[in-house]
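The two complexes that follow have subunit A in common; it is paired with subunit B in the first and with subunit C in the second.
Here is the complex of A and B:
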């Protein structure tokens, strides 16, 4: 049975709270943080395994830059939740603001509600699973990894992506530059169904898959000699 | 018809302009190249200033021997561990990708030997660079290529990069010829793409968000190391005030002379303001906030010598970054492998072909054979020599002005050689007490 260490944020600085979370994780405890009060930068740079729960909402960059921890936010999150994560997981029971899972390189981010603009922007790996809708420019310049939006996607979805893969269960308001849409394959559907079930989210009737058309990957130059000479 | 009459040529449609128009007509795109501005019309520069050494009104120090402190401390405002350097000259951020592995390691070793810092660049921190750097600044850039919290926690300072002088308002550029499989893996990109980095950070936009972002970086690094904010020099007065208000320990202003490994030519030549203009604006901004001396200022962009550093410091900078000058110390544009320069359509002394990845001297390339042309230890020695020579020049100027600490250089040690420089810097024109615009 895990030892659960309780931290009450009331009257304490973010610095004190983060130091205590880290030291308790290092001792092998789980941590339950109460009265998080939508404060910014809570749970930043948690670099050990272990479980941390926030009983309430967090502000900007909640659980940012983590590596290995299992973090659950029983509330909503501000901008840049889990940004820059390397591994581990962050689960948001409510909604997330702009730039959810921005530039993560690994791990799993689950937002059970809706995401604001630019969810999954610049992702370099990992998974972002959104139970509700995603705002405009989701997956902008996404490099690698997977974004699953079970609800609707806003304008300019998947603009200028590299090797990111986006699945959408609802409507797509509009595709971004160089985004190409198709139906998800039965294999994709099987894999994703398991994932969606695992997180207790509602199965969509169908999923569409969006990838890069790769037309923006390179300058359109006729041949390399011309390119080299054009100085 | 008089055959001896000289041919007349348009001052507007010069041969250069004609060539450029016809090239765009052929290719259907803008020109991209490396190095930095090649404008034919000179920019107002630090060369437009001169020092007023000591005579009868003040006493000089012995130029070659008396003690003249060069120690430089950056980030005294908030950080628990300010960045302490032996000299006020640092190596700026240049990516592993833009530069070869050998070049990055040589810069690290050379800077360490001279007691100063190196900076990562738009491609993540290279572990070897950290290993050989005595002090290392790790950048947090809009692209976040290779971003890794563990690397940030090994840094001696964090630099939150908003933009750069060569192309403010635009992200980095690394053409496919330099995106080797190794570089692609570090940046999580497909090999061979023409990488155009984002111009905006993925998780904050304006200064209100940046306050919180800076606090996040401090939390991630336990409030120990200084947070720099680096910007291309544009609206410097307002930008520096905002960066300082957002909590930066150190502000970096990078003038339009700043170099780049690849950029659209028009941005290098027609965007941003010169370093000469950026430093006084930045100083006024910090003075306006009552933070001058508390928030340190690093000047960058076209710094070539100890004299440039001394002038930048007299104008108000606490330290300078060098980039292109350090590459030239490595061997950039040296007349070696001259045939390879010719193959690129250039020659030593005029090469700006960093973007091609075919650097004849092994600096701006990912080709192992070209890179082997830069032996690390010899190159590191040259960088170290160059940094030390620059520091000696700064000391010489400071001593001649009667200063026993290079940080005591101030605007009164300078005069402007041109009305333009006097107007820009608010330093009197030589031979007068006159500053244009002031009674």
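Here is the complex of A and C:
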């Protein structure tokens, strides 16, 4: 059984808290953080494996730039949660603000509630699983990876995405430029339902699949209107 | 303690709002000051509150800014004389260059403003309303308490602001909240930048509207006042503002009966909502809500192109 090291944030700076989290992970402990109080930059740049839990909300850029850690937030997260993650996982029990899982290259980000605008913006790999709704421009300029939105998606979904796949269980308010929608295949459904079950989320009746139309990859005069709309 | 407790990486205006669902006599001033304290790192230049209490029937509160230079006693005499020509002055008090008068107005709000602000010693009406106390001051949120006992204020709701000046000068006039000039009891706070401000201002100035600052946030109140004058509801006015205002904005709005927010289509400025059975709290960082209130309720960030109004519970309206 892992040793669990407890950290109380009250009266301490974010830097002190983060240094303690890192040193305890390096010693092989799990870390339980109390009184996080939605403060910013908590649990950033955790580059070792190990488990870190926050008993409440975190503020901006929580659990960003991590590589290998398993981070659980028993509350909500502000802007840019898990931004730039390389590997490991971040799980948000509540809702996330704008730019959740921005630019991640690998690993798994799970938001059990809703996400604000631009969830999964510029993702370069990894998986973002959203139990609720995603706001405006989810997966904007995504380059690789998978985004699963079990609720509804807001306007301009997957705008100007290069590659990667977005699945949506609910309604899509509108598609972004060069986003192409189809129904998910039975194979996709099988793979995803296992994943959804694993995280204890509600299975959607069906999933729609959104990919890049690849019309913006190279400039073509014939596509001038598409370019005008995108730029 | 707070300096150690809160370190933000992003410094931009902080906005906060609080609506008590259970009591019209809640310590809203104290709660909002705590929220602003937690948001203080978003902007240390100035701070202010617009608070809604029970008021006195038939009586209004008017805050007037006196000129920064010149003989203050002359200015007070001038102000009271001008106010007295269009209203009965029931009580008045002078603090830090601001005159607070309790009045019974005998003319329209627009005529009242025009009369008082016609003074040769440049008076500026900061707010007017039967329920609204609007106080603002240069410096940290706690400076506001020099003007007014915000910590002791009891009411149903309010909005607050702490400012990082980016576009215009730092003084009391350029601070927020802004009263929507001409509409008693309507106040706004704004985080962001209204990029079509100059165009809108030119249009309103051609219609005779007088602007008192170079702060782009001032135009939001002017815009809402104009929409209301055209016969639209506050809700419609806010809906229209999503298309008519350009740039980045999250603004909060409050009247005696309503409290809400509007956000630009790109959701460029943050806003967190926590709603419980007891209250609605709005702030552009959740840390303000957790610091000032408690851990109840889940924070949620709405998407862009969204506005929302909460109505003050009718039971409270009837009680006050």
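Definition applied: the second predicted complex is superposed on the first by the 220 of 231 C-alpha atoms of A that agree within 3 Å, B and C clash if a C-alpha of one lies under 4 Å from a C-alpha of the other, contacts with A are read in each partner's own complex, and residues count from 1 in each chain.
Note that in this section a contact is a pair of C-beta atoms (placed from the backbone, for glycine too) under 8 Å apart; a residue touches a chain by one contact, two chains touch by 3 or more.
Note that the structure is a prediction, hence the values are computed from the model and not measured.
In the superposition on chain A, A:218 makes contact with subunit B only, not with subunit C.
In the superposition on chain A, A:44 contacts subunit B only, with no contact to subunit C.
When the two complexes are overlaid on their common chain A, residue A:11 makes contact with subunit C while staying clear of subunit B. Of the two partner chains placed by the overlay, only subunit C lies in contact with A:56; subunit B stays clear of it.
Comparing subunit B with subunit C, the partner in contact with more residues of subunit A is B. Of the two partner chains placed by the overlay, only subunit C lies in contact with A:95; subunit B stays clear of it.
After overlaying the two complexes on the shared chain, residue contacts for A:117 are found with subunit C alone; subunit B is out of touch. Note: residues 14-15, 40-41, 59-61, 79, 98, 118 of subunit A belong to the subunit B contact set and to the subunit C contact set alike, using the contact criterion stated above. Contact residues on subunit C toward subunit A in their complex (touch as defined above): 1, 4-10, 265-267, 270, 272, 285-287, 289-291, 295, 298-305.
The residues of subunit A lying in touch with subunit B in their complex are 14-15, 18, 40-41, 44-45, 47, 59-61, 64-67, 79-80, 83-84, 86, 98-99, 102-103, 105, 118, 121-122, 124-125, 141, 143-144, 162-163, 217-222, 226, 228-231.
On the side of subunit B, the complex with subunit A involves touching residues 23, 26-29, 31-33, 143-144, 147-150, 152-153, 175-176, 187-190, 192-194, 198, 202-204, 209, 212-213, 215-216, 219-220, 223, 344-346, 352-353, 356, 358. Within the complex formed with subunit C, the residues of subunit A that make contact are 11-15, 37-41, 56-57, 59-61, 75-76, 78-79, 94-98, 113-118, 135-137, 154-155.
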